[in-house]
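Here chain A shows up in two complexes: once beside chain B, once beside chain C.
So, the complex of A and B:
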């Protein structure tokens, strides 16, 4: 059991997303950094898709109401348990009454969201097959909203007997991706790609894009050279997914993120591939990113690479736990 | 609106989904063929969900296939064979207050269409609008049948939030927001209706094939 001590921090309960309700207009939601959530769960022996807490604004504090094993992944944010400093991408054990405090993200990874996984997962009801918060629909997660001071959340179990005190090399270090020293994500061209001016297509791949302050879990509004269509386009509404890069008439692209609506009508320049969404999900507001053109085969291979990394995490955790158990 | 494509178009939405866009005119019969195609494709093992859009269909993958050729061929054959799937839905009447603070973009629609507020209200409230598809946000219905004279481009920059119940026009389409959120459409009025209950079965109040009529409750300036 934990009690939230911070207000207005936009922290939400998220799992790996709500699949199968697009036909009702329900987007997937889910952790902006799915690898961080999955890895945190695996370290605790949870199901890979158990619900955790995504924390995007700092400082953030909570109190453990009972003993609990937990994992901190995502942004390295100078975490402390009471006064004890905690390592990032690491498993820990809290005693009843201890306060977990997360500070402003630091370190070479320059990530923007911390993921807190609790032993047994955050125990909130499943709605339409997921525990993720559907902010637009005001359901799922904890009462369908962001967490606030005084909220009390239960975790699945206390993780008693489960080894803690070990960690991982974060995927940002294990699988780095940059272009000209700037954080990069891979993009598959989408339906209207060729309907943009050649100069705009070139600018898209070769220029930096700034993540503006008008960016959130719904979408990242980017600032850079305006992308010009060869002729104006007005499309019929169609399904879209997180990662789709829409270009409204202003020419400044918007990347759809995890809380994106499941359909839209602005021209689609490309899609940030599923395997790289976590990279973008961790890119801070005000930072710059680059786009790298990719192919279907490369995008599928990138997805496999992320899976293999998680499989390696699972093997490492299980070896570690059996070694501890044998002592 | 851009000219409709002469042949079906396939495009990628990353490795998450494939988008199929039907050729030809956009009318109820074309949309009924999309419903038929969705019904067939959702039974295919590699498909997680077949989601109808407006004369298009999004197929999300359980696992992205190594190559797409076989799926595209199968989809093409299924589209050629698809017969319109008629659905006899129910009719729902929604009282609308046009203009005023609940219709902040009425002036933009007036400016673009050259019609008066009265003409816009008359044309907008005349048809029986069939629900073509659900999308955008929980319970939201995309409607067919808007008078083409009302068509107004989506906004240059989307609005960060419009309220639930907003009646709006985006391109050649019209619809009602089921909850507050960002939108690139032009809001011309407001209504009240509960479109979504996650505990209900099905959770959305309206389905493709149901119909909406907008009744003029008031016109404000």
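So, the complex of A and C:
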């Protein structure tokens, strides 16, 4: 059981997403850094898709109302349990009454969202097959909204006997992706790609894009050289998914993120591949990113690489915990 | 045989109802005798008690922290530039003073007691075997 002590807005309960409901007009939601959530759960012996708490605004504080094993992944945010500093991407054990405090993310690999996983997962009702918060529809997660001070959340169990006190090499280090020293994500050209001027297409792949302050779980608005269509386009609204890069009339692209609405009418320039959405999800506002053109086969290979990393994590954690348990 | 004889002697003392711990007068005698020597620390162990005179050693023998597994030894968390425990910096018992990386897994090398890292015994990033010496750790006195 934990009690939220901060009024820091926008911390939400998330799992790996409400997949399969786009047909009802229900967006995907889910952790912006799905690898961090999955890895945190695996360290605790939870199902990989158990619900955790995504924290995008700092400082953030909560109190453990009972003993509980937990994992902190995602952004390295100078976490402390009472006064004890905690290592990032690590499992810990809290005692009843201890306060977990997360500070502002730091370091050369600065990320923007911390993920807190609790043993047994955050115990909220499943809605349409997911515990993720659907902010637009105000359902799922904890009362369909962001957490606020005084909220009390239950976790599945206290994780008693489960080894803690170990960590993981973050995927940003295990599977780095940069172009010219700048964080990068891979993109598949989308339906209207060829309807943009060749110079715009070249600029898209070769220039930096700044993540503006108008960026959140719904979408990232980017700032860079305006992308110009060869001729003006008017499209009927059609289905879109997280990762789709739309180009509105301004020419400044918008990347749809986890809370994207399920349809839109802007021309689609490309799609950030599923395997790289976590990289974008962790890119801080004000930072720069690059896009790398990819193919369907490479996108599938990238997804497999992430799955293999998680499988390796699961195997190594399980070996470590069974060895510790046997002692 | 000497040991057996002593034990028999103690048993005989106990049977006779004689005290088997040093009396205050005896302790004073020892302290007076020590005062006339250059002995800084004196420890007397009997089957019944341990008596200590003077300051204990300024530096207990350092402990060698060893690899609990095959892996890559790191002085810092991979996300951080600074060592977990720079040489000479005090660390509380139970704090990680290094990490051992095994594939994606990071296992801590823990300070067994409060103290400080005196010396690195393995290079940062070195592949080490089970039981390899990693850190010379000095207990705080």
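One rule holds for everything that comes next: the second predicted complex is superposed on the first by the 326 of 327 C-alpha atoms of A that agree within 3 Å, B and C clash if a C-alpha of one lies under 4 Å from a C-alpha of the other, contacts with A are read in each partner's own complex, and residues count from 1 in each chain.
What we mean here is this: a contact is a pair of C-beta atoms (placed from the backbone, for glycine too) under 8 Å apart; a residue touches a chain by one contact, two chains touch by 3 or more.
All values derive from a computational prediction rather than experimental measurement.
S.K.: What does the overlay on chain A give for chain B and chain C, a clash or a fit?
M.R.: fit
S.K.: Touch check for A:174: first (chain B), second (chain C), both, or neither?
M.R.: second
S.K.: Touch test for A:194: chain B only (first), chain C only (second), both, or neither?
M.R.: neither
S.K.: Once both structures sit on chain A, report the angle chain B, chain A, chain C from C-alpha centres, rounded to the nearest 10 degrees.
M.R.: 170
S.K.: Tell me the contact category for A:134 with respect to chain B and chain C: first, second, both or neither.
M.R.: Only chain B; A:134 stays clear of chain C.
S.K.: By the touch definition at the top of the document, which applies to A:166: first (chain B), second (chain C), both, or neither?
M.R.: After superposing on A, A:166 lies in contact with chain C but is clear of chain B.
S.K.: Where does A:87 make contact in the superposed view: on chain B (first), on chain C (second), on both, or on neither?
M.R.: Second partner only, chain C.
S.K.: Tell me which touches more residues of chain A here: chain C or chain B.
M.R.: In the superposed model, B touches more residues of chain A.
S.K.: Check the residue A:76 against both partner chains and state whether it touches chain B (first), chain C (second), both, or neither.
M.R.: After superposing on A, A:76 lies in contact with chain C but is clear of chain B.
S.K.: Just to confirm the geometry: in the superposition, how small does the C-alpha gap between chain B and chain C get, in angstrom?
M.R.: Least C-alpha distance: 25 Å.
S.K.: Across the complex, what residues on chain A touch chain C?
M.R.: Interface residues on chain A, with respect to chain C: 76, 87-90, 107-109, 165-170, 173-174, 309, 312-313, 316-317, 320.
S.K.: Across the complex, what residues on chain C touch chain A?
M.R.: Its residues touching chain A are 77-81, 96, 99, 101-108.
S.K.: Enumerate the contact residues on chain A facing chain B in the complex.
M.R.: 19-27, 127-128, 134, 136-140, 188-191, 214, 218-219, 232-244, 248-250, 254, 261-266, 268, 271-275, 296-297, 299-300, 303
S.K.: Any idea which chain B residues touch chain A in the complex?
M.R.: The contact residues of chain B facing chain A are 1-2, 9, 11-17, 19, 21, 26, 48-49, 51-58, 60, 64, 66-68, 133-140, 142, 153-158, 160, 170-173, 178-182, 184, 196, 198, 202-204.
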